[in-house]
Amino acid sequence: MSVVLHEPGAVADPEPVPSRGGILWNTIRRRPSAAVGAVVLSLVVIAAVLAPWIAPYGLHDQVGPVFGPPSWSHPLGLDDGGIDMVTLLVWGARISLVVGFAATLVSMIIGGAIGVLAGYFGGKTDSILMRITDYFLVIPDVPLMIVVAAIWGPSLFHIVIVIGILLWTSTARVIRAQVKSVRERVYVKRARSLGAGHARIVFRHVLPQVAPLLIANTVLTIAVAIFDETALSFLGLGDPSRVSLGKVIENAFQRAAISSGAWWAIVPPGALVAVVILSCSLIGGALEDALNPRLRVAHVSARTFRLRPLVGRSDSSL
Amino acid sequence: GGSHSKSGGTFRLATSSGIDSLNPYVAFNQDAYSMFEYIYPLLVQYDKDNKQFVPDFARSWTTSKDGKTWTFTTVAGAKWSDGKPLTAADAAWTINTDIKYKGGGAANAAGLIAHIRRAVAPNPTTLVVHYAAAPGNVLGQFQQFAILPKHVWSKHLGHKGADLKTFPNNAPVVGAGPFKLVEYKKNQIALFQRNDSFFGPKPQVDAFGLRIFSNDDAMVSALKAHEIDAIEAVPATAIKTLKSAGFTITQVPGVDQTDFIFNSNPKKKTHRELLNLKLKEAFAHAVDRDQIIRVVFLGTAKPADSIVPQATGWHNPQLKPESFDLGLANKMLDQLGYKRGSGGVRVANGHKMAYDVITPTSVQSTSRTFQIMQASFAKIGVQLRQKALDATTAFDEMSGPNGKYLNFDLALWDWVALIDPDFMLSVVTCAQYGGWSDSGYCDKKYDRMYSQQQLTPNQDKRRALVWKMQKYLYDRRPYVWLATQDSVDALSPKWTGLVPSPQGPFNSLSKVSLTSVHQK
Amino acid sequence: MRGADYVVKRTAFALVTIFVAVSINFVLFRLAPGSAVSNLSRVPHATQELRQALKRQFGLDKSRGRQYLIYLEQLTRGNLGVSFENEQPVSTNLKTAILNTLPMVALGTLFAIVVGTLTGVIAAWRRGTPIEGATVTTALGFYSMPTHWLGLMLVILFTGILPTGGMTNDFLINPSFWTHARDVLSHMVLPSLTLGLVLFGEYTLIVRSAMLETLGEDYILTARAKGLRPWAIIRKHALRNAMLPIVTLVALSLGYIVAGAILIETVFSWPGVGRAVYDAVLNRDYPMLQGAFLFLTISVVFFNLVADLLYYKLDPRIT
Amino acid sequence: MSAVGAPLLDVDDLVVRYPVPRGLIGLLRRRPQLAVHAVEGVTLVVEAGELVALVGESGCGKTTTAQAVLRLVDPLSGSIRFQGDDITQLGMRALRPLRRRMQIVYQDPYESLDPRLRVQATVEEPLLIHRMGGSKGERASLVSDALARAGLSPPELFLDRFPHQLSGGQRQRVAIAAALVLDPQLLVADEPVSMLDVSVRAGVLRLLEELKASGLGILMITHDLSTAARFADRIAVMYLGRIVEEGPAGEVVRNPQHPYTKALLSVVPRRDPRMRRRPQILRGETPDAVRIPSGCRFHPRCPIAIDVCTTEDPSLRRTDSTQSPHHRAACLLA
Amino acid sequence: MTALLQVEDLHVWFDLQDGGELHAVQGVSVGVERGERLGLVGESGCGKTTTVLALMGLLPPSASASGRVLLEGTDVLAGGEASMRPHRWSDVAIVFQGAMNALNPVRTIGSQIVEAIELHGEAGGKAARAQTGELLESVGIPAARASRFPHELSGGMRQRAAIAMALSCHPKVLIADEPTTALDVMVQAQILELLDSLCRDFGLALILVTHDLPVVAQLCDHGAVMYAGEIVERGLVDTLYHAPRHPYTRLLFAATPDLGHETEEIVSIPGAPPRLDQPLVGCPFRPRCDSAFEPCATSRPLLRRVADRHAAACHLNDRPSQAPG
């Protein structure tokens, strides 16, 4: 018998496939919190990128008295060097973001690589890499950052490296778990049974699948990196020649801004850090929520299903 | 004592540094030495103005002709706080112990007993000290030398004197100063009680407490909240608000000077143009001391010009800070033939005049100072880059490799001078390579002058020599001195009588400050 | 016997981790340029003799390998060495610092665990309502604030109302226990609150997502089908399962608390272990640093082990 | 180079075991290393143009057998011959050209396609992996051919779709097309339809039937005897790592020899409500593959077991009551 | 006489993330009498589970429902979740799809059963535990296993435990949602046999949800075939097999291979069910139907009575000459 087999018609209407960018975009579109985060973060990033053009004064120009109060020309007052606070915030955001992004890049590269290797190869590779990760997980990281920053000297580059080196563990774990599950997917097995090389499988099948999670993790890591930079700066281990937001806080703190009544030197930079971190967390959290199918249905909730008025259509006689 | 004022009460003082150890063989912090001043007998102390030596445990002293033997008459009938007699024998024992263990447990005190052969106490009120050579600063040294109770410390000579360092000397400490240390919590508080058996003038307060803060804001708010009565180093930014809140602010010249350091090692490998005295002079004219004082110190500092601060009384009055004159500086550099290259940066010996300036992160003021200098140096075609390092690393970098001072170019740091100029003058001697030297300066002629002043017991002659040395250094500029910070203290309106000093009211110069402080 | 293997394995791993940590710490601190001696001997009357004496005393004249062996040997005897700074046993210094830190940290953590768990559960239970939005936003807000900055904000808000610095305000000689306790407690409020608020944010978020994950499980639907009331389901079925991730994360965060304590202790002049670490770094006080790191690592490893064992207790699936 | 007349696939006495982790304490106490006896001496032949169904309970070793045949797990002993060549010991590199000739289709059509790749890319991938198919254009035509063979025509309608835009049946067809594109001789289908809705199962099964007719050898794993009976040429019934009955499909279904086969057949529900029968239900769960019972491995659950069954392990052999010479069972009492 | 459990005109919608709505159940009416066994069959995604959840009031918050669920004449859906709660388990109990996850992994089997018994005041303390033991024995699990955790039992055992739990409060209706999916053939047979005997012994009404027609044929007396959120045919299983009145029913049977019919042509129904997040025009089955004609494209057929205890939703039934079957 030779029936020609057709599966005509009735194919579900093609809908756009969520691409990697798509997931980010969709999440931002659908969740107001993520949208707020994205808008705020973009504003800060734009301001930071445009710092040289939009900063009202020079970063090193003493334009008034030490801790000059807010005025028309200096809406947020002056810092302990008589420098305009708005200028400092714009430039500070720039450095903080650079540190955040760069350190995250470092941690993504290390964490991503280790996570993929451990998850993909499993076995001994996995246990060795995970033991290393575990070790990094238990070292108290802020103290270690202090030590390393003290040893290497406080430069922006070192801070980026140190933060990056300490932050990769969570990335590695998240990625490893995801890779492990992707590795067991049938299409990966199939590719392997076809004789595909590891590189091909990793780059063509595993990484794209892990990418959305990596993005979510990246956004969250940026927040942590910025936080850590602020902490390091506060402890005097920041790069003194670069004005980051943490540095601005530290300068004000060291010069007793609070007791001299100069709240404007200390409140705005911290608030800006908080806003940036909050935005990252909102986006990252929403992405993680969106990517975690287990969060979608809660079988018990304060809200219950709704009742609609009766429609009445079919007859129910038997 | 004995005034009409209210006596008694506890005087509470805040400090931001703190006492690191109660053991004189271990302690390094200034506050620890200030504490020893108040709990241990010393042979002499400075007077109220820190100019003259006045009696403390030693009532009087004489010098032999050759200057090699000093004889002190000490207080009779003095007692340690535990009731045991305090005699010249305790002093002799302390000196001899330090000599014996100067390479080990007592190394910390070795500098103070330099040149001493031995000390003897022929009777309870006489102390005779024999020197190998006649030194010029005997009283200056003894002013820092705490006499320890033999009956306590002689039990801690084990392990070839190493036990001297491991003895914690916990509170209550057996001492014989105007106060007894009764309680001590590291990084928190030290509590002193009046010692009624003290041989000298008794404090008017019942007790005195030192509270340690790790940040200035907390300290200032504690003062405002009347949790404490005084601050010994007021942050400049807080002066205005404290004044308006009714606190008494006292501001006197201090001994902490910021300096711009040139690596002056003649054997320096690179950037040798920085050894050129004309260039150093040009650089000195590019420093805007006024702006530094205005921005960094908010006016609580004076322009500096010499390695010896004015407040010590040994400053050479003929020296004046270089004028801030960018035109002059530019002209001088032009004359030296350093042409401006791309970006307006001058070129010397085929390379851009762009230099790293090492700044220690522990000295807060250096960053702002650097920024100001960087801006003005840019105008004379010299590019400065900040290289901030923590103090240990910074010093390593400067003295490296192996204490040879070959690599670094410039640095910003500060020096806290003692009253006697000997120490400050010593830091630029060749002998201090790898030790105190932070400029790599080494000059045989200067070293000769230095030894000479050390062995000049006549104080007038010594002063002339010290002035000459200051001028000599001023011309050769291992340092360009930027500013001398004032010592600023704040006192609650309820209190009065606190005596300021270049080291602050709680100092190791004399006991006068806390013995005379009292409630209004 | 269920899980003996698990327990042995976790414990062995914990011990190995500590050993590795100890060794790496040793190496790490010796990578630093400059030594305690170059730092310590910078006093006005220091001499070359003093430098040599200090080197000998701290064993810095020996080879690194020897120093390491000596260090290990001493460690096994429970000797953490002598602090370079004040020549007192590191253990004594550490003990003081830890005893100062503990109550402050414990108070803050307790606050965070109690409030965080409660709000986390409520947020999960009120999923999709404005209450969840408000709770999550508040939590995220606190979570996002730099710890030290939050501390400083509290200082600004509470100056004059509560003490903002130090651990005691008390210059009395031998104060009564209650006076002292009240004094310390009033000083503890702000630092603990700072820590508590930061952690509260974190815990709320963790508890919420752990709860949500659990509430999505099929057995919750079963429980509901059985007719259990929502709160009974949460208490009897959801919380216990949600505890699993919570326990791990809380244990992990307990270890990091000390790190946070550095910032808080700096802001509030609290003489605790965070300050001790920080000062030790600046003073190149290796023995102290090694001791402090050992303590920190052990506490993280310990809390992790506790978490593992609790896990084992809570989750019968672990073998 | 393959031996003339040799079967397409010839598996002889295949044994596969998975070690059971001992744990730290076990290791320290030197407990014996245990193993899951997943496959314990399977002998099986698949000819070109033949569809062999491997049936049995969950965990009896069907998938393991399939994977061992494809050399995706390493057998402990036994031999696997493909077109007469022994491939049991071949290394990874030597296996590569072979992989082309034997392909596998997995159970879950929802999982077996990369959700991010379009149909075109999925089907083309095997060509890229094996660097075959020449130019881009040539590859495209090979892909279209494969899709058409898999019943997805016209192929242009499907090339640009993503898996989620396909129905379950279509996905499984794409998976089959991806297996066909390399023009294999052997297709192993591990429960190809069990995740599909009944309404589309037949389509996929008929596709396999057609492929078989075109000369492909197919080893189909299933737990559904009705499907096996309808579509397979031969049925092999597996129990606890061993084939206990094997023969032409009709024979096995109509005239089962082994009590296990009988029981299996009796529990298959019939679609006609009037055909209700009392199923012969075996008590107890599938036994533990770590501790295989002595003697006949089926004896603990066997309704007709006698004493000798506990000691003697029967081998697969022809029984008296069978009609076909190829019908064999491993039962002492058959 | 009022039916034991009667669902009338049930609709369920789910809110979708992108703001749309999915009409998962589109007017289902079905009922069971005491001791009756109803099989609910249909392809994946046709709304079987949703129907069952709705009649227990277990829908998620993102759902909204309309219609009536009458339990012995009282509408238990009208008051939402609250009105249903007292009836859960004591009147209607359910065994979920995939019992692996339906039991709390950190509590013992026994405690989960005891909990239900105590909650509904059946018994308390010792008595409840004793009753649990009996229940477990009755589903073929030794009573001693009550102290085991779910993961310590095999899949079949867990499913039995879930059934025991469902029986713990002597419900009148037992709903079993795909109780044998993911189980082995032999275990499936055991479970089906167990359900069969339990229904007989306890006089339970059973609603068996499955996509496996033969299972329904073997176990149930009534069948309801669902397609795209609605019931397209319902009646006695015997009628459904021998005289179907909807092409879908007919094709479903024809697509199921059967022992003893090895040579029979097995059909496959082309295409796939329609999307439920868009409004349906005409007969939902039309694109896949082999006997569609003009009205099917435009008008949606209603479920109509076609014979005694037999209803179907097909336009063909309006033309007596062309009855599908």
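Chains: A, B, C, D and E, in written order; residue numbering restarts at 1 for each.
The rule is simple: a contact is a pair of C-beta atoms (placed from the backbone, for glycine too) under 8 Å apart; a residue touches a chain by one contact, two chains touch by 3 or more.
Fair warning: this is a prediction, and the values are worked out from it, not measured in the lab.
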| item | value |
| --- | --- |
| Steps in the shortest chain-to-chain touch route ending at chain E and beginning at chain B | 2 |
| Pair joined by the larger number of C-beta contacts - C-D, B-C | B-C |
| Separation of chain A from chain E, taking each centre as the mean of its C-alpha atoms, in whole Å | 45 |
| Computed distance of Cα centres, chain B from chain A, in Å | 49 |
| Rounded Å distance between chain A and chain C, as computed from the means of their C-alpha atoms | 24 |
| Per-residue overlap in chain A, given as positions that touch at least 2 other chains | 6-7, 10-12, 150-151, 253, 258, 297-299, 301, 303 |
| Residues of chain C whose C-beta touches two or more other chains | 32-33, 127-128, 152, 155, 159, 217-218, 221, 223-224, 266-267, 282 |
| Residue list for chain D, restricted to those that touch at least two other chains | 167, 169, 203, 206 |
| All chain pairs that touch each other | A-B, A-C, A-D, A-E, B-C, C-D, C-E, D-E |
| In the complex with chain B, residue positions of chain C that touch it | 32-35, 38-54, 57, 82, 85-88, 93, 96, 152, 155, 159-160, 163-171, 173, 265-269, 271, 275, 279, 282, 284 |
| Contact footprint of chain A on chain D as seen in their complex | 70, 72, 95-96, 99-100, 103-104, 106-108, 111-116, 122, 125-126, 129-130, 151-153, 157, 161-162, 164-167, 169-170, 173, 175, 178, 203, 206-207, 210, 213 |
| Chain B residues within the chain C interface of the complex | 10, 12, 20-21, 23, 26-28, 102-104, 107-112, 114, 144, 162, 165-166, 168, 182-183, 185-189, 191, 193, 207, 209, 211-215, 217-219, 221-222, 224-225, 227, 362, 390-393, 395-397, 418, 423, 435-436 |
| Touching residues on chain A, where the partner in the complex is chain D | 2-7, 10-12, 14-15, 17, 19, 185-187, 189-197, 200, 204-205, 208-209 |
| Chain E-facing residues of chain D, complex | 57-58, 167-169, 197-206, 223-227, 229-231, 249-250, 253, 263-265, 267-274, 276, 279, 281-282, 285-286 |
